[in-house]
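Shared between the two complexes below is chain A, which has chain B as its partner in the first and chain C in the second.
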Partner chain A sequence: MKIGVYICHCGSNIADHVNIEEVRKAIQEQTDAYVVKDVMFACSDSSQKEIVEDIKTKGLDAIVVASCSPKLHLPTFREVARRGGLNPYKYIQVNIREQCSWAHSDDKKGATNKAIRLIKAGIEKARFSEALDPIKIDAVNAVAVVGAGIAGLRAAIELADMGTYVYLIEREYFIGGRVTQWNELFTTNQTGREIITKLYHQLISYKNITLFTGAEIVETSGSVGNMQIKVRIKPRYVKPDCVFDLDKFEKAIEVCPVEVEDEFNFGLTKRKAIYKNYPGEFPEVPAIDFDHCTKCGECLKVCEGIDLEQKEEFLSLNVGAILLATGFDPYEPKQGEYGYGQVNNVITLQQFKRLIELCPDELVYNGHKVRSIAYIYCVGSRQQNGPNRYCSRYCCTAAMHTALLVKEKYTDVRNFHFTRGIRTYGKQEHIYHEALEQGDVVFQSFNDPLCEVEEQDGKPVVKINDFLTRGKPIELETDLVVLITGMVPRKNNTIAQLLKVPVGRDHFFNEIHLKLRPVETVIDGVFISGASQGPKNIMESVNSALAAASKANNLVKKGFISIEPTIAFVDTDKCQWCGKCLEICPFDAFEKVEEGGKQVARVITSLCKGCGMCLPVCPEDALQLHNYTDEQIESMIDDLIRA
Partner chain B sequence: MLEPKKHYDVLVIGGGIAGQETALNLANLGYKIALVEKDYSIGGKMILLSKVFPTLDCAACITTPKVSETARHPNIDVFTYSQVEDIFKQERGFRFTLRQKPRYVTEDCTGCQLCEQVCPVVVEDEYQYGLIGRKAIFIPHSIANPRIAAIDIEHCTLCGLCENVCPPKSIDFTQQERVDEIYATAVVLATGYKLFDPTIIKRYGYGKYKNVVTAMQMERQLVPTRPFNNILRPSDGKVPDNIAYVLCTGSRDVTLGNPICSQVCCMYSTKQAQLLMGALPMADVTLYYINIRAFGKGFCEFYQQARSMGVGYVKGKVGRIFEKEDGNLILRYEDIETGEVAEAEHDLVVLSIGILPNKDYQNLFKNVRVEHDPYNYVRQVDELTSPARTSVDGVFVAGTASGPMDIPDTILSAGAASSETASYLRKVYKEIQPSLS
Partner chain C sequence: MNDTKPKILVFSTEKISDPAIDLAGLLKMHYPSSVYTVTVPCSSSIKPRWIMHAFEVGFDGVFIAADGTDCPYSETCTENTSEIVRQTQEIMRQKGLETARLKMAAICSVCSEAFVRQIKNFYDFLINQKQQENA
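On to the complex of A and B.
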């Protein structure tokens, strides 16, 4: 058997701590490898060509590349094997960068020795490797987009444009997400509603988009290409085929006697049990909040479109992929954090944005005219002692932009910014610049907490040791304190739990690779976008939504998907069906079948991920994994322990 | 030289990561792409970087697979050392001129570099940002794609030595440029950015003081194939032990006509500082900054990590740099912490140069105008909901052509450009032939 071995320097990444020359010699002398070469960058095009040539001209039966982690380059070299005319699964990668060079940078001799052993084991693995073909499964050209905020809406429209069927699933009764809560947006000064109105009209013009509101995915099964999702649709208590008379609905809202805190306005105002968040919201009919409705029937008297008997419904949908655009929650300050909830007149940026909209002529809070505002930055972000170490990225610009708006709208207001250093990156810098030009005052501190907020004579007083003036203690009495709260991951993100979407250290969804695969997750067919992946402003969210749409479309459009053939297989002679494999399998990838007059286990190929959990529990030793067979593993161990 | 097709679905201008990512996404959907790169190699600026923040992935390791996937994709024709000229918008699609310039070396070149050994001409190596020299015949850098030599005809003396040693006889001084007229249905501008030229700031002495270098020069000293295999300062080859970074060199500076933030310098300086701490464990590294903009995913944590590794951060803008006789440098800066003008001595100064728009796109189009924003980047006409759209229907923008951004944002922006282009193509083709839907 002719095996080719290529040892990569990775520039100096490997060669600095592993003696490549010594490794090459050892492999040449101590193994029967047919070709042994060292290369500067195995992944570079010229080295790839060289390997392809070797396979063709020297008739290699298998190849081993000793380089970096297979996480990075397994697909690259499988493709090299394929181009050389070799089955891609006759390629074995040995990781001498992360496992030797980087792990043992203090011990060149040891790292070199370890590299030699690992490569020898790799050669053994290659020797017993089998040629495999990817498993092709059918894919449904439909995608479930979860969340109808700006990211979800844009992804849905783009997917539909590219010819994919979209189910757009929104948990709330109304679409638009957080964007509808902000009025003017940086950096274009369009309003959130203007944008959502435009997108909504676009959305409903597509025949291949179905929108569900008040809907939530409650169950998922199947796997990439063919996923079954069960959607629960909460009743809106409005007849679906009612005469569309908005005046009557307005009347119904008017007569409703129940008043509850309005979440849309972050508790600044009250709303009724039958409600819309704002006039002109989409869908245009109101919904009834049944947690608070007393079923008094007043609304029924004025509007025949209401039906209090509606029941929740369940729908089953079949999709090829799921695109998550579940967004974020604004950070909720703790009681007493910068005076929140304890000192008079301390609100969050989100509340403040709503307040500005609710005060058309004069900025009034708690019945008092507001003349000076203190903005306290990084609340819930960049915590030195709390769990949120990350920067929420959008808030500096959002705060500065709000300060500009306030000054423009109410002219006689003064702005004071208490910051950790302003991060209006890129072109957003001009917003910071304008704020300074209009006379806003900026303080800075590196302390945690940044400043202190106390109440004096019913008014908040902010105290800071200002770094910009040699740490001078400064006290500022102000009418209103606005806490610039960052983004945190969504609470109650049930779909994430159902799909087991991995999260990062910051608890936002985690991508496979920030640069190479930023919208894909380790779960095949599940894509992430927008602020669900980490704080983003609107343009960045839309960019990521469109990128995710492009990847999802690419995956399902062809009608089939190729999946890894390195999955479990059953030796039916040995198998006595005890069911232990099905019990332990996290993907339910086994079924019981009749074969040769007895009951045996069968692997459901579209579900098996090749994790290998089932192998050790089989009492008959009837299970093996393609290309991780006992024969391979045992011969690898033999070579590893041989001195 | 490659014989181009008459018609492509998409013309992608620029072969950096934005152009490659867009081309690959579209090619995977079955569209035919012409990818035109003015340089000898695709890979853009990223292929020249060392490791990239905040994950410290080796840049070569993550660009080379993408580069090679692009180069051999059956639906992508890559034209290197080529230029797009005179784009005319037509009723449907665009007509343009593709000029492939001669490298004077044919595709038979195996990249053996024997020619480089015999060539007697030495000039400054622009791919190493002037740190070392190169020959008049050369392979741009170790991971260039295509890995084919090129002759810098301006400096070549036509001595013919390379011709004599070339094993596959791939040197061809008679090569002529090739000009074709081609059509494409859509255009993607992925023309990237330019680096700020610090010689403009005389106070910093770049070009005059040998030990004042740019961050790109430091980047090349830190790559896995680094020219000196160590960090050396230019004046005397000494290993530096007290390095300063001057942030916002050419950014956030109204006097230089670039009032905006370059978005990447804080982080790349922080990254270089971390790498230097690894390469030179005894060295001190100090960053002089206005604000540290560590805003992206994992950035703030990366910045904190640098601080805890001992990287010094001094808030204060550097006003002027002086050179001492021994080549060391005195930085005069406003120390915000003390409120006083202070001076500090360092043996190597790295200027964290910002990024500027590449305005080349502004002269490309003949009968339509691709509008620019106040900073000369491509204007995004619908920034919030269709960030890849430009003022011309059918022309899209990807990556830093529309403004400063880092690698993760560039990849996302390229993703957006590819899906908007795909939707556009579908719409156009449906109009021509409704059954295609």
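On to the complex of A and C.
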């Protein structure tokens, strides 16, 4: 049997920790592989062509590529095999990156030795591999989009436009997410609400989108193509069939005696238990926050549309895929971090943006007019001594843009920026120059903390050793300190736990590959988008949402999904039909048939999902799984132990 | 169990525990390099004969990184895998093998830390076993 083996350097990802030359020599000398080569990037176009050429010209019967996780490139190399004229299931991928070079980057000798053994085992698997054809299963052309912020809305509209049914599931009572909290946005100065309003009107024009607000997925079952989700819907306490009378609802809000901190304004103001975050919010009807409602009944007296007896509902839905667009939380500074919570007049960028909107004519905070503002950058991002090593990407631009808006709106304000170096990349660089031209002052330091904030005579004072003036110590008394806080993953992210979506070192959702498969996860049928995946500005969030929508649609639109043909088969010579296989099979994929004068089990191929649960229960050892046969597994084990 | 470095065979599952083991590598969470993984579709599909074969050819320990309650195929996966372990341990007993050399733990798709912790503990246990045998 002619087996071709290709060992990938993966640039330095593998080669830094595995001696590729030693591995290649060992495979050449210790196995009967017909072709053994090492390649810089096995997935590159030139390497793929080389493999195809080898299959054709050298008549290879099977190929092994030792590279990254099969989660990343199994489909790539199966396609390479197919292009060379081989059955794709005659291709075996050996993972010498995630499960070898990276896991043992502290032990080059051990990693090299392990790589040799893993490849030898892969050769054995290839030797006994079978040519198979994929099995098709029905897929539901429906996608659950979780989160109705800008990424979720955009993904939902795109999916609906491509003909997929969408269940848009929003945990809050209102749609729009964080974007509704921001007023003018760079580059167009459109407000966040204008954008969300436009998207909402687009959304409701599609008959194949169902929007649930106050809703959350609480259970999932099934697998890619046919997932069952259970959705819990919190009551809004508004009669669904009531005639919407805005005046009466506004009156109800007015008479509500309960006042709680308004999360929409990041605690700068109070709201009632019955509330809307802003006029014109969608859906238009207010909602009652039952965690704080005292059921006093005052609202009922002025508005007959309210129903305080509503109960939560549960819905079961069937979808082919799930697209997560659950967004981010702003970083909450610790007590005392740059004076936050301890020094007067220290707030976050998110609070400041709400403050600007709440101050139409004059910028006032804590009863005092604000004439000078110190912006402290990278708070909760690029931490040298904290867990958030990453850059939150959007904040330099958001801070500079906000500083421009402040000057435009209030004219008599001075801006001082305390930075680690400004990262207004791409087109956003314009606003940096604009801010400099209008007289904003920029200080820079690489110290951690960047600067110190103290209180003197009731006012914050910022102290920095300014790198731009050769470390000169500078002190600035200011009216307001704005902490430019970055993005962190959602604190309450039950959906991630439910679906077991992997997270990276930054604790945001992790994609299979940042460049090659940026919106797919290792959980088949679960896609990620927007800031749930990592810090992104609005444009980048929408880009990823469109990519995720496209991938999800591509998966479910055909009505079927091709799955692995690695199903069970019966050795009818051994089988004595005892029925234990049928008993344990979750899919009833066995039937009793007559063959050679005796009763034996037969696999119903349309029902078998290839889980292999039947294998160990057969008392005659008559069951095997294609491409996981005893011969393959045991010969792999032999080569893993053989020196 | 003659070499000083215990060799562990891990049966991982394509959809659940294998991603966790990949994630451990991605996060550079080191564990001993004498830990080798063979991937199967589901932990309920592991035949006792495969486990026994691993012991026969010289593996010091076998670790089943089970699907647990996350199994995409059946809610009975945990019980099924436990039954496989029970049956195999019975065979091990008959052959005079220490049953603790077979270990099973549910490893979800993001349980990279749990995997590394379990493997390190198991590795240490096997080192102790070797030392006791050699004493």
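Rule of thumb we're sticking to: the second predicted complex is superposed on the first by the 455 of 643 C-alpha atoms of A that agree within 3 Å, B and C clash if a C-alpha of one lies under 4 Å from a C-alpha of the other, contacts with A are read in each partner's own complex, and residues count from 1 in each chain.
Rule of thumb we're sticking to: a contact is a pair of C-beta atoms (placed from the backbone, for glycine too) under 8 Å apart; a residue touches a chain by one contact, two chains touch by 3 or more.
Keep in mind it's a predicted model, so treat the numbers as computed, not measured.
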*asked:* For A:Lys311 in the superposed arrangement: first (chain B), second (chain C), both or neither?
replied: neither
*Using the touch definition from the top, say if A:Val542 reaches chain B (first), chain C (second), both or neither.*
first
*Look at A:Lys491 in the shared chain and tell me whether it touches chain B only, chain C only, both, or neither; answer first, second, both or neither.*
neither
*Who touches more of chain A, chain B or chain C?*
B
_Per the contact definition in the header, classify A:Lys207: touching chain B only (first), chain C only (second), both, or neither._
neither
*Could you say whether A:Arg505 touches chain B, chain C, both of them, or neither, answering first, second, both or neither?*
both
*What residues on chain A does chain C touch that chain B touches too?*
504-505
*Mind listing the chain B positions that touch chain A in their complex?*
25, 28-29, 52, 54-55, 57-58, 60-62, 64-68, 71-72, 111, 142-143, 145-147, 223-226, 229, 252, 259-263, 291-301, 304, 315, 336-339, 373-375, 377, 380, 383-388, 403-405, 407-409, 411-416, 418-420, 422-423, 426-427, 437
*In the complex of these two chains, what residues of chain A are touching chain B?*
10-13, 40-41, 43-46, 48, 68, 72-73, 75-76, 83, 150, 154, 158, 161-163, 185, 187-188, 190, 195, 198-199, 382, 389-391, 393, 396, 421-430, 433, 467-471, 504-506, 508, 513-516, 518-519, 533-535, 538-540, 542-551, 553-554, 557
_Contact set on chain C toward chain A in their complex_ = 7, 9, 15-16, 18-34, 36-38, 40-42, 44-50, 53-54, 57-59, 70, 72-74, 76-77, 80, 84, 87, 108-110
*What does chain A use to touch chain C in their complex?*
69, 71, 95, 97-107, 110-111, 113-114, 117-118, 121, 222-223, 500-505, 510, 522-524, 564, 566, 584, 586, 609-613, 615-616, 621, 625, 628, 630, 633-634, 636-638, 640-641
